[in-house]
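Letters A, B, C and D name the chains as they come in the text, with residue numbers starting at 1 for each one.
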Amino acid sequence: MQVNGCLEGVDSMFKDLFRTKPKYVTVRPQAVSIKQDSSAGLWEKCPNCENLIYKKGLEQSFYVCEKCDFHFRIDVWERLRQIVDEGTFEELHTDLVSDNPLGFPGYPEKLAQAREKTGLDEGLIAGRAVIQGNPCMLAIADFDFMAGSMGSVVGERVTRTFEVAMEQELAAVVFSAGGGGARMQEGVLSLMQMAKTSQAVERHHQEGLLYLSVLTNPTLGGVYASFASLGDFLLAEPGALIGFAGPRIVEEATRQKLPNGFQSAEFALEHGMIDKIVHRKDLRQVIGRILHMHRKGLVPSA
Amino acid sequence: MRNGLFEWEKPLYELELRIEELQKFTADKDMDLSREIATLEKKAEYLRREIYQNLTAWQQVLLARHPKRPTTLDYVELIFDDFLELHGDRYYRDDPAIVGGLATFEGLPVTVIGPQKGRDTKENIRRNFGLPHPEGYRKALRLMKQAEKFQRPIVCLIDVVGAYPGIEAEERGQGVAIAQSIRHMSFLRTPIVCIITGEGGSGGALAIGIGDRILMLEHAWYSVISPEMCAQILWKDSSKAPEAAEALKLTAKDLLSMNAIDEIVPEPLGGAHKNHQEAAANVKAALRQALASILPIPLDILVEERLERFRQLGQWQEKAVAASEARK
Amino acid sequence: MQVNGCLEGVDSMFKDLFRTKPKYVTVRPQAVSIKQDSSAGLWEKCPNCENLIYKKGLEQSFYVCEKCDFHFRIDVWERLRQIVDEGTFEELHTDLVSDNPLGFPGYPEKLAQAREKTGLDEGLIAGRAVIQGNPCMLAIADFDFMAGSMGSVVGERVTRTFEVAMEQELAAVVFSAGGGGARMQEGVLSLMQMAKTSQAVERHHQEGLLYLSVLTNPTLGGVYASFASLGDFLLAEPGALIGFAGPRIVEEATRQKLPNGFQSAEFALEHGMIDKIVHRKDLRQVIGRILHMHRKGLVPSA
Amino acid sequence: MRNGLFEWEKPLYELELRIEELQKFTADKDMDLSREIATLEKKAEYLRREIYQNLTAWQQVLLARHPKRPTTLDYVELIFDDFLELHGDRYYRDDPAIVGGLATFEGLPVTVIGPQKGRDTKENIRRNFGLPHPEGYRKALRLMKQAEKFQRPIVCLIDVVGAYPGIEAEERGQGVAIAQSIRHMSFLRTPIVCIITGEGGSGGALAIGIGDRILMLEHAWYSVISPEMCAQILWKDSSKAPEAAEALKLTAKDLLSMNAIDEIVPEPLGGAHKNHQEAAANVKAALRQALASILPIPLDILVEERLERFRQLGQWQEKAVAASEARK
């Protein structure tokens, strides 16, 4: 009963959460993953069109290739910088640290590497934010942290995002980038996060509150097949890979050549699975507009 | 596996053959070998328990995949009466990989749903080897909503390697179908019993696995990923599936210890395929008990408890101070 | 305001309906449309396999060809004979007679012909019945009456079927055979019956009551696109034509060759649109079983 | 029709040409022809009213199909602000033949939905000439349910010949999609205004036509069947469409007299295609008034009244005695 044991304190802890003053996190625009990953040069080659891009210009272009619109993967801090009104993000639920519930070989080491690589303690940060003047609960996944996969901590943070949103009657905005889907090192407990998060979404929904899900590259597996696809509005970045079984799995299972653009955001749009593809440069404004249109108290002029 | 027999069963099988020989000898030649036979049978009994009670995780996975293992429709036939199969999702297609319908369980009308593997090659092709498309999950959800309307209990018999990873399945929103099924099943105002009878493969199983009681057969497995795929991804070597099976903690005992299931349903010695009748009888008894325990619960409380169970699943450390300090 | 005028009395009339003793209609098994339609011989040729069938034998075989299972079209009286416990059908809503609201040329004559042909006053009869011991509200359309199309009277009778079922907490069973769909001679008023009947179905549904819809040959157009496809259970007779736009319209519009079995019951089953195809000889028993399984007060034995 | 001009407009057109000539003459030659022009203009004015106020039903149908008539997106652009189009049914496909999304109407957030005809051949092909598949109606219903969640008013702009009668549309359940849309739209707990802007073709229009206020443009038509098809079925001769149009009573005036609509929205003289701005302004004014009249109504009452309106539609004679006697 190890699992239960460590959970006993959750309820009371949850209630204590808002008595302690939330910690303000400074947005750190310098921590852009693309810079960490690439070599030390001044120039970055676009992986799509091979255009050479001056790195310092990328920040102004939202980390989008100006030639072909390829959207570079960005980390949570860059995402915050692009989306959130400056200085408004308060991170929550930082007291949760991943355990190794199955004693899975190599998991602690992988976690340590991911922490080192990203500077994050887990694959998703969550908190309160203001977007174009509209307060909301916000969660952002980071693909560089174990492929944005959902373990117990990610699942719990997503769940609490909706729970706090309910408590405070706020909209929820979630950026998913869960390429690995579930985190297999946490076995069936990882699978169960799909249930837990979907249920939190539905409870929030039943209160008549808005949930805006933004599918970023890639959103696959258990992340897509739970909270990420359950938004009132599903926006996606251009070219984002979106699907349940990843393309390699589909190719192996079916031994068929995948159609062009298979599982791209454009493919998902055509097949009726998302509401809209939004260029990264417009994302803040579109999200802001949707949030604004769902504010209570907008009165008919008639 | 040869003749439906696993490698590890071979010593036992040989012993059983020997006993049979001696028995035949006794009958034919009118010789009294009862002492020898008794000794061997004692030995066989010991070996049987030794083998089947100490199966590795991987051996359990193989048992759960035994081609003669009872399928969903086998259980339906042996456990329920008057099964009336219902078809279609009302959007696109009837998916033969998931069956569902009305039945009575000891006089009580229920809705039964479950993925269906084929019992021969031809049926397997028709049923896509029991791998559902989105329309299968949509049919399941439709039948569950129908059950809810009439406050009819739902029984899900789960035996599925996973949701089908095909091009058309992706086109028609496999991920969306699973998410919506999980979401809406969670809030159904009717009692739900889920029984993992064979394979419980990831989201494809969870999509119909949100119950008030979740039972699991002794040799079934339930995991976030198949051992082969896990081994392939982690170690680029799917032949390491046995190690992955061990690491994933996917057996009924493991799941019980993690509170992911409520109860283990015993199988006939050697696995459900050795005796369908006995396996079904055990499932029936467990189902009777499960229903008896949830039917009296008011629906409001039932749903709250269902949600609460999943709300509690997950494990982490709490390091409020450490975490915030690390960030300073 | 001609339309409204004639409707003013409806509400009070509706309430009076059950004060007057319902009239018991005798089942008339001799009035089988196939006999009326065919020539005077003793033998009937199966239109599907050309098998010659002894007419007197047809009644015992439920008007199904024993060689190829072709289901002959049957009239409401034969349907009652096959489905309803003998002597239990009480016809209701017989006081409604079709008007000519648009002054549509030729409509009164068509109505007169249809009445003559079928012995019915309209294309659907409705009432209370018992099926294998299970009381229910029952409505049956007759294709021979202007192709079973839905005018104001058919729409009203279907609507009242569900309203009375709600009042009496009964299941509703409806046999559709609306080949023409809407009755164009009543113009937009006919179209509006789709709304009226669908709304009655939903109200009945919201009371948690059972609706079993049986799609018989053919069920098309506005009948299919309203009450007929909204059952909790959709059963169909083998080979029944089921669809929105009829096959000829589809062929003309698309100039494509229609696939084999297009819009057959089997096609609808494969495409997920119906629950089950039931042979006419089993229909009574299957309906009875479903009704029985939805009776209140079935207690768990556990 | 030639140059977007109908046959019956020809005398007027020629008169207008003549007036133009005279005006040009006046300007060029500096001659005072104002008396002659005034006379002709008076005559033209008379002719205009004579023609457009006495259109036959069939002429109205042709007007409603004028290729330059404003489409749904034209109205959206002219009447609403900040339109954010939303896509997809979440089951199969995004149907370009129906558009829908969020917008504001004079500051009020609304959900706007409508079939969309192409404004040129290329767009018409992409949008299937504005003939929706089942996924179009499923998208519409999804957006309506979204609107209901936020109690956002729904505005349906209806201009559709009918639901697409294609093989795939039938495969995916055109009839089921329409029935479900009618069913669920009827009970939405949010205000709904429907405006038939052009063609209101049968079930394909009714599927998104269940409103608390149903408005109809002056020259739009709304019927259970198109005049051509009606003539074809009844008289085996589709060239008798004009007679069928007359018999079907499909004009706005007819529908108002049958209580199938609440109000006629006037069009610019000669039809909406003559002046998009003016047509849109009229729609806007009517919509403003319609919303103002239903927004204050509590949702329970709103839905009850919506249902009651349709409950009352239909016409018959009551012959209780005669009928029962005839049967004896």
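Rule of thumb we're sticking to: a contact is a pair of C-beta atoms (placed from the backbone, for glycine too) under 8 Å apart; a residue touches a chain by one contact, two chains touch by 3 or more.
Everything numeric here is computed off the predicted structure, so don't read it as measured data.
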Pair joined by the larger number of C-beta contacts - A-B, B-C: A-B
Inter-centroid spacing, subunit C versus subunit A (mean Cα positions, whole Å): 53
Interchain centroid distance [CA atoms averaged], subunit B/subunit D, Å: 55
Gap in Å, rounded to a whole number, between the CA centres of subunit B and subunit A: 32
Where subunit B and subunit C are represented by their mean Cα positions, the distance between them in whole Å: 43
Subunit A, residues touching no fewer than two other chains: 271-273
For subunit D, residues contacting two or more additional chains: 90-92, 172-173, 176, 180
Chain contact topology (line, ring, star, complete or other): other
Full enumeration of touching chain pairs: A-B, A-D, B-C, B-D, C-D
Touching residues (chain side subunit D, partner subunit C) in the complex: 163-167, 169-176, 178-180, 182-184, 186-187, 202-203, 206-207, 210, 222-225, 229-230, 233-234, 247-250, 254-255, 257-260, 307, 310-320, 322-324, 326-327
Of subunit C, residues touching subunit B in the complex: 205, 208, 210, 232-233, 269-276, 286, 289-290, 293-294, 298-302
Touching residues on subunit C, where the partner in the complex is subunit D: 1-4, 6-7, 9-10, 13, 23, 25, 94-99, 101-102, 104-106, 121, 152-153, 155-156, 159, 182-184, 186-196, 198-199, 201-203, 220-222, 224-230, 242-245, 249-250, 253-254, 256, 258-259, 262-263, 267, 271-273
In the complex, subunit B residues that touch subunit C: 82, 84-95, 102, 104, 106-109, 135, 139, 146, 149-151, 288-289, 291-292, 295
Footprint of subunit D on subunit B - complex, ascending: 90-92, 134, 138, 172-173, 176, 180
